[in-house]
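Take a look at the following structure, please.
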Amino acid sequence: MIRVVVVGAAGYIGGELLRLLIGHPEVETVAAVSSRFPGRRVDGVHPNLRSATDLLFCSADDVEECDTAFLALPHRTAMAQIDRWIARAKQVIDLTGDFRLGDPEVYRRYYGSEHVATHLIDAFVPGIPELHRESLRSADLISVPGCVAMAGVLALYPLAVRGLVEPTAQFDARTGSSGSGATAGAANLHSVRSGAMRVFAPTGHRHEAEISRHLGIAAAMTATGVEAVRGVQTICHATLRPDVDTSAVRRAFREQYRNEPFVRLVAHQRGNFRYPEPKILVGSNFCDVGYAVDEEAGRLVTIAALDNLMKGGAGNAVQCLNIRMGWPETLGLSFPGLHPI
Amino acid sequence: MIRVVVVGAAGYIGGELLRLLIGHPEVETVAAVSSRFPGRRVDGVHPNLRSATDLLFCSADDVEECDTAFLALPHRTAMAQIDRWIARAKQVIDLTGDFRLGDPEVYRRYYGSEHVATHLIDAFVPGIPELHRESLRSADLISVPGCVAMAGVLALYPLAVRGLVEPTAQFDARTGSSGSGATAGAANLHSVRSGAMRVFAPTGHRHEAEISRHLGIAAAMTATGVEAVRGVQTICHATLRPDVDTSAVRRAFREQYRNEPFVRLVAHQRGNFRYPEPKILVGSNFCDVGYAVDEEAGRLVTIAALDNLMKGGAGNAVQCLNIRMGWPETLGLSFPGLHPI
Amino acid sequence: MIRVVVVGAAGYIGGELLRLLIGHPEVETVAAVSSRFPGRRVDGVHPNLRSATDLLFCSADDVEECDTAFLALPHRTAMAQIDRWIARAKQVIDLTGDFRLGDPEVYRRYYGSEHVATHLIDAFVPGIPELHRESLRSADLISVPGCVAMAGVLALYPLAVRGLVEPTAQFDARTGSSGSGATAGAANLHSVRSGAMRVFAPTGHRHEAEISRHLGIAAAMTATGVEAVRGVQTICHATLRPDVDTSAVRRAFREQYRNEPFVRLVAHQRGNFRYPEPKILVGSNFCDVGYAVDEEAGRLVTIAALDNLMKGGAGNAVQCLNIRMGWPETLGLSFPGLHPI
Amino acid sequence: MIRVVVVGAAGYIGGELLRLLIGHPEVETVAAVSSRFPGRRVDGVHPNLRSATDLLFCSADDVEECDTAFLALPHRTAMAQIDRWIARAKQVIDLTGDFRLGDPEVYRRYYGSEHVATHLIDAFVPGIPELHRESLRSADLISVPGCVAMAGVLALYPLAVRGLVEPTAQFDARTGSSGSGATAGAANLHSVRSGAMRVFAPTGHRHEAEISRHLGIAAAMTATGVEAVRGVQTICHATLRPDVDTSAVRRAFREQYRNEPFVRLVAHQRGNFRYPEPKILVGSNFCDVGYAVDEEAGRLVTIAALDNLMKGGAGNAVQCLNIRMGWPETLGLSFPGLHPI
């Protein structure tokens, strides 16, 4: 049993981490840090944890040494506190955007402010098991990618890494409302957000910088909020290099993901779930990936779906922890999702 | 053409009033008062009015004399400002809870504060055309009922006024999220409110006092927020007096509502819309009413559905205006609702 | 490891049983019987089971002896096949309505046809652990109650069994669309069913007979389909016996459910989840129960919520299996539910 | 008053035509043809028309001469019946796909069957007022475009016609469930379709052929069903020609749509409705169009939203009728949409 702390435990990613870690057989969750609710019961904020835990939120100052600290904080807050958590924890797994971009200049462009812990940027290993599993086995600083970026990276990586597509691609991301967090505001008022198809980022979404970094291409992203609470779907429109046909695409996906415990290829001829669909992934750690080829036009469409709080956040972080600790990679992450839902 | 003012025009009831009044052939909307957004374009807050109006919100102080003032304010605010609006407008149509209960003592019990305009309570005519049409023809002070109350009153009135039911009844109300207003808060965050079945008032809902008043019975209400933006449905469970059978119930409803332009009886044997269903009433001013009788048990179930911003608020207020002005009662209110939706 | 068979495995209850049983550490799922899809992959029908199973559906004739057979069939079908399954399985757990009502006469009234296996009616133990745990420990024929009935029974049992309420009560049930099953029809077309508040049974719902049986009172039920896929909420309106106050109600609930692993009391003063709310129970086996008392009126409102495919069906059936086998009652049923969702 | 007939009146487009035509001051709706429901009340199928009409459905054979026939039939059916309707009606307005593509060869590729009325293909004027208003003034055969195509055409036309974009573009369309029609099937079962992000056409959607035709470019479309009943949103990803900047884009849109009664430019800096959003267009005939430019990348993103049954179907057809008859173009189409909804 290792001792873990969740910092930012009152948010949605924080709550999902608590749910997973409380149910994890090798982990003891020793502290749930919340600057807003110290002293309050965790299940008062996360009602699904009623009867699962009697934990109270605490302040950061209450936390002593631990094995692993998960930072589920607002963007910019993690880099400001990072030294404190490195001092107290053997491993720090950051779920903010602070250490996702390898370049402080790119960070400034996409986040609009200076990076305040540039000395650590290179020390963080990207929390993408499918790309960095070996490095993660010994990583003590892990930066978990954004939900939409995770989907985008997995949607195109097998093609990009093999040089089968042209080096620019467009990503069309759709997200549920939980990605906006647990803080109420005019934008996520139910009567306004319900049934929406809100193009909140026609150009310049932050996650395109992550995708570009990991795929080595120029990614352009358009992001739309659609009716869902959990769930992300990213469509990638790419151009195939000459002479790349459907079977080459299929082969690339199969080779790449054959042994991945949490990536499933979904591209069927029939049925209502022919391509990746977020709703059957709610609560699960899978990222489903599919594709279609228009050979005549040399055009490739790939589709990835995941639960933004799971494979797009907390679940992926726990997968990284499992890798780091040498445990079975699926430990505590075996929930298969529900149907119908 | 009369000149009207909407006070509290940035809220949902206010916006619906603006939509109806801008499209009303006998009305000129001269001012949209908002304490939050003076100077801002109305269609910046109510995006459905883009290209329909260039009106700007103004302050209450900017309003001079007018024919009719609609008060779509927060509860307790209308009674505090009422003298000002009576001084400026020939008619005042209040959509708050302030003048709905005929008794300041009942008001205190249900609203938890003192009534500050008790001298006017008796002067307000309830804005229920189906019960008070004659009084409304000459009323200069009109108090429009709450949405759930309106449904509850229309659901049982034909039976209650004929003495066909026992003098206690239970009301089970379900409401969409727009009834909570346009101000964001933790309770109406999309991710929390979406898909909810939230029992927010198991006992003691304010509207039970209105229903009791208008029906002359002891009403007990349980209210639940369900997944919808617009829409209210109130189920009434009543006990039939001895010897009252199905045909007596049917006769009571038919007699009562035969000539009502905005009440339809909906109690069919077949189809997916056998009983009143709010979703096909979105945007319309109808209140659909249905019923079922368990003769063996002497039990009556009645069902009423409406759009809370229309027949449960703004639409009903305009219907009252039409009556007061001697115009056709359906003027500006003829939108039939949509299907499917 | 015991060997189990799911009959009617292509339906929603059948799919949920498969999900739970495939993940159950003491169970081997040897057959998934479907008369519609023999030979087809299970995960072609239940896409959430992709990568969880390679099982194919089979015909009933393909099934040989097993330890336990779960019957997730259409109503009336189970009693027609029951002898076959008793001959092949040591235990039969029936999830249809066929053996829920102890009286063939009541069955005829509520289901409109003759019972064809009356000799077995008394042999079935109701699958309600909270009422019949001891009998279930040795039961070889178990009849799992209907989803709405389960909620209704748990909502009022503590009061009814102690004689604290009058012997008639009204139940207002709200259900999601999955309760209508996996067969498409005009009634559950998305554009028609979406956002509905459909009163499909104003009086005479079948489950009121079950509730009446288990509570020993005269239950009257009104049932409404609301916007949700999974989820049932049952509100009970009851009248307190003289001198029964809030603390007596609280005591009854606490005593009754203190040690129940899957019943949680939820009646809080604050927050957005003060009373039982189905959405946070999606995928979990909890039934949350709450209450409110209007002491002045002598009126009691109780509220129960559950996932109709879990505690209202498959989950409850597995709980019964765990009891019968002497395993920990929560085995394979520990998923706590999600928030937000 | 002209006499009109709706053929295929029991479908969703047919019902919307009836709603509009019944409320239209210059039109008498003389027949609602349905092969499925002859003799049945129209409001039994379209419950929103209760109290608006007592019309019964009739058979095609019951229809005598009329002024205008609207064909809201299944694809392929209109071309099979077209001679009959031309013989009986002065104008035929077809809402199927049969006469949308100017080329029988393209028709075969996208619809998979032979065109059986090729002699008429050239005689139909596309029902796109924004492109073909002058021709529509005297057209007796009008072919109303598909909903997603209408959005796609309006999204890019101002740029394409001015040669400001490269001649290939990608369209990402999202649609509600009503676009699939009123016939129940496994694909539009509520529990399956609810909350979906279903990529039903990753490549090769039929409407891309229409867009290509009207814009003179090579359009590639990916189509996804999202959670909504009504509503279409089409995102267009295009590449700007060299030296085309934001102001040139803005100018093109403003010039093109300045006087269009049903196209609004929506591209704001602030608020929750900055870009076109279908939900506030439910029931209205507007197509909102917006855009964003990434000047550095030379990339243009345009967004169009509409109600698929209105500007994407029935409303657009009535707009064409108004133009053909020389009536005010907005006659009977002035409903502004609702907010919140």
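The first chain written gets the first letter, and so on, giving A, B, C and D; residue counts start at 1 in each chain.
Rule of thumb we're sticking to: a contact is a pair of C-beta atoms (placed from the backbone, for glycine too) under 8 Å apart; a residue touches a chain by one contact, two chains touch by 3 or more.
Just so we're clear, the structure is a prediction, and the values are computed from it rather than from any experiment.
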Of B-C and A-B, whichever chain pair has more C-beta contact pairs: B-C
B-C, A-C or B-D - pair sharing over half of the A-D contact pairs: B-C
Between subunit B and subunit C, centroid-to-centroid distance (C-alpha), Å: 38
For subunit A paired with subunit B, centre-to-centre distance based on mean C-alpha positions, whole Å: 45
Junction residues of subunit C, two or more chains touched: 12, 178, 182, 186, 191-195, 229, 273, 277, 340-341
Residue ranges of subunit C touching subunit D (in the complex, touch as defined): 12, 176-178, 180, 182, 184-186, 188-195, 229
Complex interface listing, subunit A residues touching subunit D: 170, 172, 174, 186-187, 191-200, 202-204, 218, 220, 222, 224, 226-228, 231, 233, 235, 237, 272-279, 290-294, 297, 299, 301, 303, 305, 340-341
Of subunit A, residues touching subunit C in the complex: 12, 15, 19, 23, 44, 46-52, 178, 182, 229-230, 264, 266, 271, 273, 277, 280, 282-284, 286, 334-341
